[in-house]
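What follows is a set of structures to go through.
Each of the next two complexes has subunit A plus one other chain: subunit B in the first, subunit C in the second.
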Partner chain A sequence: MARVLNIKQFVIFIILFIICFLFTVSDSLPQVQNQKCMICHGKPDISKKREDGSVKMLFVNDSMLLHSAHSKITCYDCHNDIVEITALGHKKNINKVQCTRCHYDNNPVGAPETEKYREFQESVHQQELNNGNPKAPVCQTCHGSHDILHAKTLSSLELKKKITQTCGQCHLDIYTTYKSSVHGKAIFDKNITDVPVCTDCHGEHTIKKTDDPESSVFKTTVYSTCGSCHASEKIVEKYGIKADKFKTYESSYHGIAVQFGEKTAANCASCHGIHDIRPQNDPASLIHPDNIVKTCGKCHPDANANYAKGRIHINPHSEESGSIYYISSTFKWLTIITLTLLAIHVILDLVRKLKHKRAK
Partner chain B sequence: MEKNSDNEQIVRFNIIERIQHIVLFVTLIMLLITGLSLSFYDSWFGRFMIGLEGGLEGRGKLHNLFAFILIGLCVFHSLYATFSDKGHKEISYIKFRKKDFKDIILSFRYNFGMSKDKPQFGRYNLAQKFQYWAVVLGCLVMIVTGIVLLFKFWGIGMIVPKWLWDITNLIHSYEGMLIFLVLFVWHIYDVHLSPGEFPMNNTWLTGKISKSKLRDEHPEEYEEIFGGKA
Partner chain C sequence: MTDNNNIQNKIEKEVEKRLKEKLSAIESQIRNEVKEEIEREIKTEEAAIEKTAAEEEPKEKYFIRFGWNFRFQHIVLLTSTIMLILTGIPLKFPKNSIMQVIIEWFGGPASARSIHHFFALGLIFIGIYHLIYSFWSRHGRKDFYELLPSLKDFSDVFNQIKIYLGLRKEKVKYGRFSYVEKFDYWAVYWGLIMMIGTGMIMWLFQGRFDPVIFGEISLKFGPDMITNYVHAIAREMHSDEALLATLVIIGWHFYNGHLNPHKFPMSKVWLNGKISEKDIKEEHALEYEKIMRKRKEKEANNKGDNN
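So, the complex of A and B:
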């Protein structure tokens, strides 16, 4: 035989080859691979009944998946315990997706490498998971699952608002309090992005229990967390808040005590509130003139009207402090003048005594 | 013979007065250290000292302890100055008199070399008088303001409105600083560093002064004791 294949066989071979090639290429596109799953999970009413009677929706929005950060990976990449799919579906009791399957250092699939899941190990949420709290959040609780997005795809305003809502899923009462606070109103009503949302004070993956000394809102360190904005003229003076409030607190008795680790001394939140911080002119504010004595009374039970009669956060170097400024300047000059006269006296006395000694 | 009598020591201060002086400077130094460590809490000095003093609370207690010793001393000193013969006499010597104002001008002229006449001081010279009254005034201010500051910790803070408490607080810290600088520059120069005194004038321990020094620095007193011209 001179020819191995005749023309007919050759054409069939080429056609088969092209078909196979197309299948291979197209099969590697996630949308095509996911097609099989979407036969069932693309139906909006697909759901399952849990053992406790609750219903879990199993619908996956294909287009949401396509726009998510994971648009380039397939269902199997995360749901790797599903190996066999029959006409009846797949095995029950699918495991929860473990994000750390890809998200670890030097992973071969090119998933972003970050410290964050290691930070999370130390967090209060991981602690709760370890304690078996069924409500404790995992990655998906905050980041979403099929709708997961890169943080950078959102504007900072959208992102900040979304963060409060994300935390609010579980911490609903705090979310409502926060929303009516000066910070909450600024972001929700005035679209000001300088204000802190949950993560700005509490941290993200590092979040600790408030009574953990390492927490960013621990009694003796929370002042520096507030100070990260309130000590910055650039940030707060735009909104008519003096940046010296931070320094004046630091040099006050409360501030000094806190810096020496005194947990009972007042920090920012003791007087201003935590999630319920309101501007001074708000009658519900803890530092409204009508409420301030009560606020002092939280720690100083004998506080009466005299206790709060006067300025707080006094800066002796600012003319606005009135008598304090003038007394402090007077003393400064008194000290300078006295010491100058004294220095003159000592020098004259010294010169005279040395001369006298030499004459002897 | 002449030389011998020059080195003769004359007792100026009795033991009660010397002990008062020792208690005074020990309490003042301790009050200054414990007070200034709070003023400079933010520096290495403050942090180190507050650590030594047993933390912030220990510092406060130590400061209060010495404050009460100082108050006790002041009470004793007032009684001593009023009711004992010796004390009463000392006060009459240390009081400012008309001649002192002339002496101020004279000592300036003398120090500048404009006059050859040396001011003729009595038992206390001008510097000593100023220093004594500065300490009296300073202690008075510090004790009054200090007690007002303590009101808050005794639970009777409501007597004083916050603004007055703040002013009191300010005066207490600035006055403390002023006393520290004046006393430590002036008095240390006078009794330790000044030529003829270095390294230390021993009168605070022995209560004695040499006859020649008395004649030199306190000619009026010399005349009173020995009569006749120096």
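So, the complex of A and C:
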């Protein structure tokens, strides 16, 4: 006869079971697994001296880690070469974390894998890494390590500001120039999010050297990168900038030569500046009336004050262009009328001559 | 014995007789054959003479329409114009892949510009040359007067259209230059003035001029004369007039000179300067009548002199 548990025994059994279950589960929770590491790395002053004498802070903010995109993984998942931890710590010279350990196609742990990881292989930063440049950035340089966050968790304004600072860690002089440019001022002072930051022009993982023809800011293609905003009425006309600046450049001699692949022809940046683009009324602007002669003079050594007399981006199809508009429309009608009359004459003549030939 | 001899003689006589008969028959046969041969030879000789005569005859039926000077000017003008169109028109369509191939063929935009400038010099040269020609040369002066538009041209247009519409049977009689040719001539006049004028403004504004074989020529005084505003106007006019001229050349001039069923594939008058009697009678009846009248007068004068 089978022995049946009485109620008291059954309750004790259930309680024991729950306690055991909780222990097992809690042991597998990352913060529990990480506790061992945090004994040392939780101390704010933990650091090490590098061979070159610089000091590296080794403090890991536990709560930051918990709020990061990697809140569900443990220290060992990334720092996989640390296997043994004694009272004295772990082995020295641990390897740099390789993100591709998880982030590859069809990985079993479900780490996101997109084109971006492959794009980076072609980028200037990867090239520099391959050339052995110790300052070249890896994933962690831009994305952070223990504080890594999803881009979505930030508002676009915060994100855009943060991107400039991230790039600015290494490209400090460009960051300061950018900050005082019309784009920089708009985002930092006016909180306008339509403004381009570093990645909007240069790309993110695809970033190339500026003299690489595939670069989004290459001499002959940068105009279309500027055009991605400046050709859009929706974006720029909100701020009082005409969207036809792009088209008028494309139909100017500079724009035409650039489209035919001429590298020496002026592109947007040649006249407006690169990171230091400023509004025309700013005395430091390259296109301020006082500076135009000097700006044109970069390519046209004979430029003089006459170069500044008259506008540059003229749209012959807009009535605001004045005389150019009237000349353009006069020629348009002259061409239409002349060709229509000549075409009528040609057709009449052709019909008659064909009839004549057939009669013979 | 005598009998035998007699028979022998008889046979010989008979042989002699029949041989003569047969020979004469063969002789007359051969004679006929030789006669036929000679007749045939004479016929082919006569045909050859007639043929050369026929070949020589039409040469006299051609009239000289354009002299060497006139043809030389036309060739320089057309070479310059075609090259200017090929290096210039692509700038209006930078996104078109055919235009990109053309510019690449010229070695990129900078090189195409140099070639454009070189042939611009050709156009300026022929413009000035023609001005001098039409005032200095006797032929040039004569043709210039002939090319001036007259009231008759307007009635000619009207009558020609009547013919086209089947409202008139009688052919319109044209002089040395019909209204079609006069239109072509004055269209080129207008075109040259526009294109050279606006083109010069653009060079001067650049301050630099680079026709391919002459290297770069500095025109430092240029920017002192031209402002950016004037340059922008010149550029617009240059571009618009270029398109108009190109379309007129392709649609109008090519039709009248090459593509129409009467001339296809091409009237050779621009190469050899000659026009056939048939064509001159049809296309320039008044000119033909004038020439014939002058010839008769000349002949009459010559006869008078001889007497």
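The rule we apply is simple: the second predicted complex is superposed on the first by the 313 of 360 C-alpha atoms of A that agree within 3 Å, B and C clash if a C-alpha of one lies under 4 Å from a C-alpha of the other, contacts with A are read in each partner's own complex, and residues count from 1 in each chain.
By our rule, a contact is a pair of C-beta atoms (placed from the backbone, for glycine too) under 8 Å apart; a residue touches a chain by one contact, two chains touch by 3 or more.
Values in this document were obtained by computation on a predicted structure and should not be read as measured data.
Peer 1: By the touch definition at the top of the document, which applies to A:334: first (subunit B), second (subunit C), both, or neither?
Peer 2: Once the two structures are laid over each other on A, A:334 reaches both partners.
Peer 1: Give one of first, second, both or neither to describe whether A:348 is in contact with subunit B, with subunit C, with both, or with none.
Peer 2: It touches subunit B and subunit C both.
Peer 1: With both complexes superposed on chain A, which partner does A:54 reach: first (subunit B), second (subunit C), both or neither?
Peer 2: After superposing on A, A:54 lies clear of both subunit B and subunit C.
Peer 1: Could you say whether A:323 touches subunit B, subunit C, both of them, or neither, answering first, second, both or neither?
Peer 2: In the superposed model, A:323 contacts both subunit B and subunit C.
Peer 1: Mind working out whether A:93 is in touch with subunit B, subunit C, both or neither, as first, second, both or neither?
Peer 2: Touch status of A:93: no partner.
Peer 1: Could you say whether A:260 touches subunit B, subunit C, both of them, or neither, answering first, second, both or neither?
Peer 2: Both partners, subunit B and subunit C.
Peer 1: In the superposed view, which residues of subunit A touch subunit B and also subunit C?
Peer 2: In the superposed arrangement, which is not itself an observed complex, subunit A uses residues 256-257, 259-260, 262, 300, 302-304, 306-312, 314, 316, 323-324, 327-328, 331-332, 334-335, 338-339, 342-343, 345-346, 348-354, 357 for both subunit B and subunit C.
Peer 1: How about subunit A: which of its residues touch subunit C in the complex?
Peer 2: Listed in rising order, the residues of subunit A that touch subunit C are 250, 253, 255-257, 259-262, 264-265, 300-304, 306-312, 314, 316, 323-324, 327-328, 331-332, 334-335, 338-339, 342-343, 345-346, 348-354, 357.
Peer 1: Would you tell me which residues of subunit A are touching subunit B in their complex?
Peer 2: Those in contact with subunit B are residues 251, 256-257, 259-260, 262, 300, 302-304, 306-312, 314, 316, 323-324, 327-328, 331-332, 334-335, 338-339, 342-343, 345-346, 348-354, 357.
Peer 1: Would you pull the subunit B residues touching subunit A in the complex into a rising list?
Peer 2: Checking each residue of subunit B against subunit A gives 38, 41-42, 50, 55-56, 110-112, 155-167, 170-171, 174-175, 177-178, 181-182, 185-186, 189, 194-196.
Peer 1: With touch defined as at the start, can you tell me which subunit C residues reach subunit A in the complex?
Peer 2: 90-91, 94-95, 100, 103-104, 108-110, 161, 163-165, 205-208, 218-220, 222-224, 226-233, 235-237, 240-241, 243-244, 247-248, 251-252, 255, 260-262
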